[in-house]
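One structure below.
Chains: A, B and C, in written order; residue numbering restarts at 1 for each.
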Amino acid sequence: MDKVMSNKKIIALYVLPALLVIMAVVYIPIILTAYYGLNEWNGIGAMTFIGLDNYQALLTDGKFWDSAWHSLLLAVFSAASLIIYLAVAMVLASKIKGANLFRKIYLIPMLLSSVAIAQLWLRIYHPTNGIVNSFLESIGISNPPAWLAEPSLVLFALFIPILWQYAGFYILIYYAALKNIPASLVEAAKIDGATSMQIAFRIKLPLIMEVIKVTIVLAVVGSLKYFDLIFVMTDGGPNGSSEVMASYMYHTAFRAYDFGYGSAIGFFLLVICLIVTWVIRKLTASKETIQYS
Amino acid sequence: MFNKKWTVLLLTLCLALVAAGCGSNNSSTGDSGNGGSEGDKVTVNFMHLWPAGVSAGQNKIVNQIIEEYQKENPNVTIKQEVLDNEQYKNKLKVLSASNELPDVGVTWAAGFLKPYVEGNLFAPVDDLLEGQLNGKFVAGTTEAYAIDSKTYALPLEFNIAPVYYNKAIFEQLNLEVPQTYEEFKTIVKTLSDNGIAPIALGNKDRWTGSLWYMYLADRIGGQEALANAISGAGSFKDESLVKAAAEVQSLVDSNAFVKGFNGLSNEEAKSEFLNNKAAMYMMGTWELPNFTTNEEIPKEFRDSVGFFKFPTVEGGKGDINSWVGGPGVGLFIGENSKVKEESKKFVEYFVTKWGEQSVTGAGVIPATKVDTSTLELPQLYIDLFDEMNQASSITLFADVQMEANAAETHLNMIQALFGKAVTPEKFSEEHDAAITKGK
Amino acid sequence: MISGATGQLQEGRARSGNGAGRKLGYMLLYVVLIGVAVFQLFPLVWLLLFSLKNNQEVFDLPPLSLPMNPRWENYEKVWSAGNISVYFLNSVWITVAATALTVILGSLVTFAITRMKWKGSSFVLGLFMVAMMIPVHSTLIPLFSIFNKVGLTDHPISLILSYVAFNMPITIMILLGFYYTLPKEVEEAAVMDGCSVHRVFFRIVLPMTGSVLATTAIINMIYNWNEFIFVNTFISSDMFKTLTVGVQNFIGQYTTDWGAIGATLMISILPILLMFLFLSDRIVEGIAAGSVKG
């Protein structure tokens, strides 16, 4: 068994194609990005090598740390909202009537492109005729806030569409994971007299633990480098109060033409992601992996 | 740098893999590049930002010009690539990093152009200016594209920014066009008291707010003060400029701008004006089609749009005929283009034809001189043409004047100033710091 | 966490003892489910209405109101804007090719990492995970220069390679969670019987992962279908551009035609919606097939 399953040629055959693509298309750019970060470069003329100056500047750049804080907040919220997604997926995967239809409907928003989602939520948040403020006014709240113009609110106002945008993605993954649990296991538990809550917490959850761990990493890393809706809806404003790391990187490199510094931000973002992922994996590490059996 | 051979090797491997994997209809492109040497056939790559869908007028003119040009020069093919504003700027940046700029493309003036010129990517066009195009441009427009006495692009547009106002709303409240800033403030108060948003401003885009600051700076401190501060010869801590910044905040305090302006895009703010919800709107003359010929907007509204010049401030040094504005986009020719001569010829032809057709065809005021007497134009155009002719000075948009880095600081500070997140003093300090750093 | 769980457990037990309460619970559940469903359908309805308005109506009317004269001509505009059929075909084949490649290559890697024994497997897994952590905009300039050096700019292969590479990590991650939990007994038995590794993978493991394959395929497809940054950066010829570029046709220098953008988005969502409905059923079928064997 071991001999067959450690055949080097086959391993190479299975792993190398994907690895080569990743190396060429992702790793070379990562290395180049790190290298650009060591230079002063506006992206056009010649580069001037300045060593670690950009990275050093980054450590004391208040704007960067503000943006990092915003990204981190988003990551925490995304990770927390996984609980809701998981609950929805559990309901959809259970044998209630119409689950199939509900599932399809629930996942539809994930098909929309960011352009559409951004436009939708801009209309929802519009300060005078948006849905939110029209509603608030109709229940007697006069002068509700302009959500996207208020530095203290804007970040949280943005979190809602972002979390909503990804709901479908995680529900889909959880759903597939739950559906993959052999029905026989659940049936056996039922015969033993377990309630549906017990089945959910004692059987289903442990069985999809690996999937949950993966989604935590995905949610956190995805949030740390998040860009799309923020870019369209507020462009990091007002006064940088919704700036996240990726948008700060973009503004520095593509607007302020400081590609050296922008690259340093991009590379630093990767380092932060690595650290956070490592921490998550340490926290969620378990000795045994549970299998269906 | 990393080893080039390795990259090639890796990518070839991947390529082989993909080809084997899907083996579908990837028709080989061959190299569609500029085979300048092969016979007389040349291809000129032209990148611009007027898609047919929304900039129908401009797009039609571009296509007509290209068609005519190709007819007159059968050996030349002009290959277009169209992108939207944001994507266009990104792509230009990516292309220039690999030294792969198109032969002809669209650029902005001054600060935008500078790094490209310093990186030797744009070709000087002084020979064109001394040739057929001599004397064809409105005075002061090509200078915005000049660095160290060489010009690097030919402007296509020329704009100034008046304050448009809704005559119907003004009439209803017995308001008159303000001559002084005091009167202007009274108007703001009256409108606000009557529940009408005085000014539509979409300051998410930031350059929109910059217009207001620039006018206040101009009217209070005179044209020189701001110009010197931007060039670094003076300072933003100049008393008049600090006062202008303070004045911006006092406008904000008096509810002069639409609710949530710092979170609204220019597009959203404009619609407040177009829907009769805000009474005034300061914007470049590129909006004129919306107030004159655009059939999508109700005629009733279009007929009720007027404009006024930013009023003078009592005790200020500014002149009422001094404007904020300047040339918009221009055409550059790639310094490393393999078909530079053909590209130059095309640009020369393009600029001339564009000048003849752009006002009537697209409502765009070109940077080349227009003989208004021969054209049938809506009154608003004629009035603004007159204003342009009488202008005592035209100050280029601050964010265009500044280099990218300083421009970003300026724009961010504008948003912070309007949002009252910085004091006028801090606002000035940050500007000075950014401009000194850029040197 | 644990005490909360047991609390709910008891509650669950208490409720199940009471028939009427249980019924009420179900009714409540359905009210919530239907409420959420309406909320989730709302964007699609909104988009349809949005696509029938002009700029004035888009900004002025409440989002869910029907415009006085539905502007079907927005759709006409989009269709007549030319090249849309070329974009459409490109979108389809590029999406399908990239998705298929990603899912297959990703499955092979995941199988090798979780099922086969070799030194460095966790290092390789790490390599794939790190690849997920870089912001797209950081890679644009270096990536363009690489493609440019090997002559792949303005060629669809540059897009397919980028899509495969950038979606590979997430695909592998999702697959990983599933592979870890798959029972090993079946394949062990198969290997004992003298099955080759290829056979184990293609005949036994791959069919068992049908549901997750459908899941990753859906996710890949949505990403590839909606992607536009790479298209704009790497492709310059119209003949290779994809549907997302259609939106750009209506973003002008100073104005944007929102109604037409809505129509473009509406047209471009239909194929992906159909694919989604189709694949979404495979998720359930996959398990059925798997459980028969299991």
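One rule holds in what follows: a contact is a pair of C-beta atoms (placed from the backbone, for glycine too) under 8 Å apart; a residue touches a chain by one contact, two chains touch by 3 or more.
Just so you know, these numbers come straight off a predicted model, no measurement behind them.
Novice: Taking the touch definition from the header, please name the shape of the chain graph: line, ring, star, complete or other.
Specialist: complete
Novice: Does A-B or A-C have more contacting C-beta pairs?
Specialist: A-C
Novice: Distance-wise, how many Å sit between the C-alpha centres of subunit A and subunit B, to the nearest whole number?
Specialist: About 36 Å separates the centre of subunit A from that of subunit B.
Novice: Between subunit A and subunit C, tell me the centre distance in angstrom, where each centre is the average of that chain's C-alpha atoms.
Specialist: 14
Novice: Counting only residues that touch at least 2 other chains, which ones in subunit B make the list?
Specialist: 7, 11, 14, 90, 93, 97, 268, 272
Novice: Any chance you could list the residues of subunit A touching two or more other chains?
Specialist: 17, 21, 24-25, 28, 32, 43, 254, 259
Novice: Considering subunit C alone, which of its residues make contact with at least two other chains?
Specialist: As it turns out, subunit C has residues touching two or more other chains at 60, 141, 146, 161, 164.
Novice: Please name which positions on subunit B make contact with subunit A in the complex.
Specialist: Subunit B reaches subunit A through residues 1-2, 7, 10-11, 13-14, 17, 89-90, 93, 96-97, 115-116, 118-121, 203-204, 206, 258-264, 268, 272, 277, 403-405, 407-408, 412, 415-416, 419, 421-422.
Novice: Show which residues of subunit C lie in contact with subunit B when the two form their complex.
Specialist: By the definition above, subunit C touches subunit B via 54-56, 58-60, 77-78, 81-82, 93, 97, 100-101, 104, 140-141, 144-157, 160-161, 164, 228-229, 232-233, 236-237, 248-257, 260.
Novice: State the interface residues of subunit A toward subunit B in the complex, per the touch definition above.
Specialist: So the residues of subunit A in touch with subunit B come to 17, 20-21, 23-25, 28, 31-32, 35, 42-46, 122, 125-128, 146-151, 154, 234-235, 237-240, 251, 254-259.
Novice: Write out the stretch or stretches of subunit B touching subunit C in their complex.
Specialist: Its residues touching subunit C are 4, 7-8, 11-12, 14-15, 18-19, 21-22, 24-26, 29, 31-32, 45, 47, 49-55, 58, 81-87, 90-91, 93-95, 97-98, 100, 267-268, 271-272, 274-275, 284, 286-287, 290, 296-298, 328-329.
Novice: Residue numbers of subunit A touching subunit C in their complex, please.
Specialist: Residues 1-2, 4-8, 10-11, 13-15, 17-19, 21-22, 24-30, 32-33, 36, 43, 88, 91, 96, 98, 100, 102-117, 119-120, 123-124, 129, 131, 134, 169, 172-173, 175-177, 179-180, 182-184, 195-198, 201, 207-208, 210-215, 217-218, 221, 224-225, 227, 245-246, 249-250, 253-254, 259, 262-263, 266-267, 269-270, 273-274, 277, 289-293 of subunit A touch subunit C in their complex.
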